[in-house]
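One structure is given here, and the rest of the page talks about it.
Chain nomenclature is as follows: A, B, C, D and E, assigned in order of appearance, with residue numbering initiated at 1 for each chain independently.
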């Protein structure tokens, strides 16, 4: 022993998992979704995703004065998630501003990864939505052309406006919509990877999708229940946005409440609100409530007998 | 095979293969033993020998000063050369008795067989366990006679022998269960008799099928009138933690802050059961124990029977010495063991393992912000919120740390093991516990 | 009409509420000492706790009630004590000289080596939990900055040499850092008197100190012998200079074999 | 239904803090801890309702008959200031426990523009007495809701390492902005 | 005793009511959708502050301590009502835009705060200087926020198009969320700048 011994607190072994490895897992999980987006909407979708990721990573690297663009990978995830909520081909500057807002305002105002209260990608998306709704909502939904990588863009109304898409199309994704929200199939494949790696818990997606389905039943039976689940951003939101570790509760009961809240607000906006889609607002609102939910749902300690009220 | 377990926990790499197949071998007695006068939780002992005294092997050299304490015995015969403070595995300096070994191993006259178990009364068993200086040998070193003396209003109905050995790397208990299963059963019978318990359970993790069958065989052969069951347990850390073991074997949950006695259960370690058997059968006090010497930093890992007071350096030497990239010395297992600043530390009754880790294990990773992934919450066997306790402790908001359950943590290390942000949660919790205890005292 | 009604209504409301309030003030009067507020304003408001109480407002309460002396506020010093006396209408009390924090250790990494590599929470108290701290010297500064974090006046900073430094302009001598230091390296001493001091805290024997640190006091008594004023004494293997007796003659400095005796206010003390 | 609509609008889609910008000072000042924001919220609900009733009566029976609407500001603020002080004194004497819980917030309420704002909004939008009461209570609840959410966020932010420049009011404002974005989702859900 | 010049200048930066003392945030957020509205609000506050500071410092020795708060409020409310009428008469579109925030000047913490903290303890001259400094400080701050929000939220400043016709304004800045976020970030920037400039 020529060097000094190391002394530290127990435990002396650590799992190989790091933040970076988790972020890479999330990127892997988003890969089928991204692939599907390119398959349906062509190379313009790829361009949107790359612009968003690069802008997000560059913003973070500048803020942290870090040379390594990828870093812990969280900025890449945020950028890609933001792109997933955007239409296939918004103007490039809209994407860049969205990424800058997401990383700058949504994340680094709070001191960076882990400290933010609101999901950065959704903050970016909400700001874009309020600022330039003509570019990110409205008449921007390009009709999907499978294998039409360079096909001309023809827009059509969102299935959340028309309510006439077939459930099969919604499941496969051959409908118009934001890059990452059309194909429930791809989203589920990605989410299975995350489940397998233990990065998401069934509670948030389960309660979110469950309550959307149940409320959908009231909107027109089984068909509408499924329609509400498959159309729009519910799958993307429930599987990838609401499950964002940083901005969702850590307690098991809290996760259920969180998912329920997201679903209820989403459906309230869809059914009664002034906008066709409410996933973004639902999740952002519940993000704000997360600290309170955590505080109110402290788990029962091992061996503790709940005091009878 | 019913696998019972608890909620939470982790599945670290176990690293047991390197030593689980190596039979226990007696370690060479060193030329000098250094026996600290504090070997268990509770008050330290008072030396009852003087410098220059000749002592015999097994002779009592330290007399306990309080109830929660156990006597200490010489592990070699020879001459007391000095009594002065020396390094202690707890990281402090503690008064220790230095004995020059004369190599004769002259046994003390007091070491003679007791009556058979059938003839002994519960009181006598307790007295034997106290005189023999028995303590919990899993690491916590709680004096055994205290565990055998529950308050009169509590009737213990179950004694559990902890053969889980859930700490990675360690195999001492595993070997004992293979080689000394009869003594384990005998020890358990003694505990049951002392407590008037009607049920004995030996819990063994199911990654040790050979131990399970060995102990099962011993139970079938020699349990006699005693109702003893062998429970295979789900392999998961910290299955061997007192409260988790009780939950897994009996389904009872020990309330926060309480001892297993609260649910009428007493836990004992396999090593303690064997020491109990030896104390009754041979009159032999606890002055040596099996230690697993292992880890990637050890050239020839093994399981050694080590005399109390042997320097870790001598033990390591007998195992071929250290590899060149050894960087960390841990007494105990990798999850709860204590890292040592030097190898000039004596082995004591609670030393279950000598673990030497190499460079790759000690690479310091930067502490990132908590990303609230909740993985620590999932794995916490006590159902606490380690991430929040850690964050509160980092900011020195100790009342918040208490609210999230800091005081109920038993430092199993699952949270720190799991944390992808590499946050030293256990250490923060430990700091918070200290601060909370200090403020309560005020 | 408008004007009259305006006056009547506003006046009426004024009279109504004025009357009600006047009545309520009498009917629901609760005794309070107005001086508490004044004294609270006088105190520095850093809530440092040097007075031993939870904060400045509770200190003010106790001062007004006469439960603690008027000069209880150490950071405020004589100035604050005097103005409190003025408010309370009592005679000014003589208050001692200004005090500052003084770092009693010179053991930078080069001269006082570590005995092992510590990994974990960067906080001195946390580091003390593992084998009593990683420095070979059991008394020296660990340099993890717990005192810097504790200082309510931003008077301490971590120097490039790994030891804390005191900004004597900002330091009020409140002693929070001294309490925060788990090794009691920081002493609160008189600031204004010209004197020498020995920046070491080691109570270990000379032999141990020699092994652990190149700039530690070994208790050799050379300074004791050299001092013409009997200002230096050695207790627990550590030489201490009595600031009242020291005349700043410098004889001890010449005598010290390890060359560690310094002027008060020069070593590790900026400005 | 109409009253329910008033409640919905007052609490969610037209939240007094997050979309009407009233009561920002206490919002920045008192949202450091959850329990104090609950206390403040309760005090606001109480005073707001009382003040709204008194000013509504005053407006209907004194100011309007004489055509003195221009005196509203003066008269209302006078009433509110007096009322708050009265409540404070009475509470202090008769119910010290409640005073300790709410009393410390009362002085803050005098200069809380939500109270005067709601009183003025009530008379400006021609609410009847029932609408006035409902609107005031709902607004108070909306205020409390916004306060408590922010307090939760700030308690959590206490435990993170963030820039000293942004800590406190700055990050509270940004968070309020994002919350306000989230609340925009309720826009248009109910129209009055 | 600070000099008269200091009495005036402290309100501009060191004790700027908006960015340093965080007073009167409601109108700062609500009406700064354009530079003009911000300026108008600032001037209104300025006027009320100046008048009330003068009157209060004049009457400070006659008003019994117990009723000073209602008395101050009455004074302030009077000037607010005058402002309300004047604005309505001469700049009705501004009056409409500021809406309820004109009567709410009464409870604007800046004015009450200066009355409590300054005017009741100082003579008329000092009170006037204090009001001038604070008033200019408020007006500057409100106008600044207004300029930023108008520039990016509408592409113009004081109604003059700056960014050209191709510019697509960032609509969020005209909405409540934009107000909060802009002010929050500005506040952070000011904190940073003040620290850098050594102004505590």
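Couple of notes before you dig in:
FYI, a contact is a pair of C-beta atoms (placed from the backbone, for glycine too) under 8 Å apart; a residue touches a chain by one contact, two chains touch by 3 or more.
These figures come from a predicted structure and were not determined experimentally.
Common partners of subunit D and subunit E, by the touch rule above, are A, C.
With centres defined by CA atoms alone, the chain at the far end from subunit E is B. For subunit A, the chain whose average C-alpha position is most distant is C.
By number of C-beta pairs in contact, C-D leads when C-D and B-C are compared. We define each chain's centre as the mean of its Cα atoms; on that basis subunit B and subunit E are separated by 69 Å. If each chain is reduced to the centroid of its CA atoms, subunit C and subunit E end up 41 Å from each other. Subunit D has its Cα centroid 60 Å from the Cα centroid of subunit B.
Averaging C-alpha coordinates per chain places the centre of subunit A 47 Å away from that of subunit B. The multi-chain contact residues of subunit D, meaning those touching 2 or more other chains, are 71, 74, 78, 81-82, 85, 160-161, 163, 166, 170-171, 174-175, 178, 181, 184. Multi-chain contact residues, meaning those touching two or more other chains, occur in subunit A at positions 3, 5-9, 105, 109, 111, 114-115, 126-127, 130, 294. Contact with two or more other chains is made by residues 70, 74, 172, 175, 177-178, 181, 184-185, 188 of subunit E. Interchain contacts (touch definition given at top) occur between A-B, A-C, A-D, A-E, B-C, B-D, C-D, C-E, D-E. Touching subunit D in their complex are the following residues of subunit C: 1-2, 5-6, 9-10, 13-14, 17, 20-21, 24-25, 27-28, 30. Subunit C contributes residues 10, 14, 17-18, 21-22, 25 to its touches with subunit E in the complex.
Chain contact summary for the complex, subunit D toward subunit C: residues 62-63, 66-68, 71, 74-75, 78-79, 81-82, 85-86, 89-90, 92-94. Within the complex formed with subunit E, the residues of subunit A that make contact are 97, 105, 109, 126-127, 130-133, 135.
Taken in their complex, subunit D has these residues touching subunit E: 18-25, 28, 70-74, 77-78, 81-82, 85, 110-113, 115-117, 120-121, 124, 163-166, 169-178, 180-181, 184.
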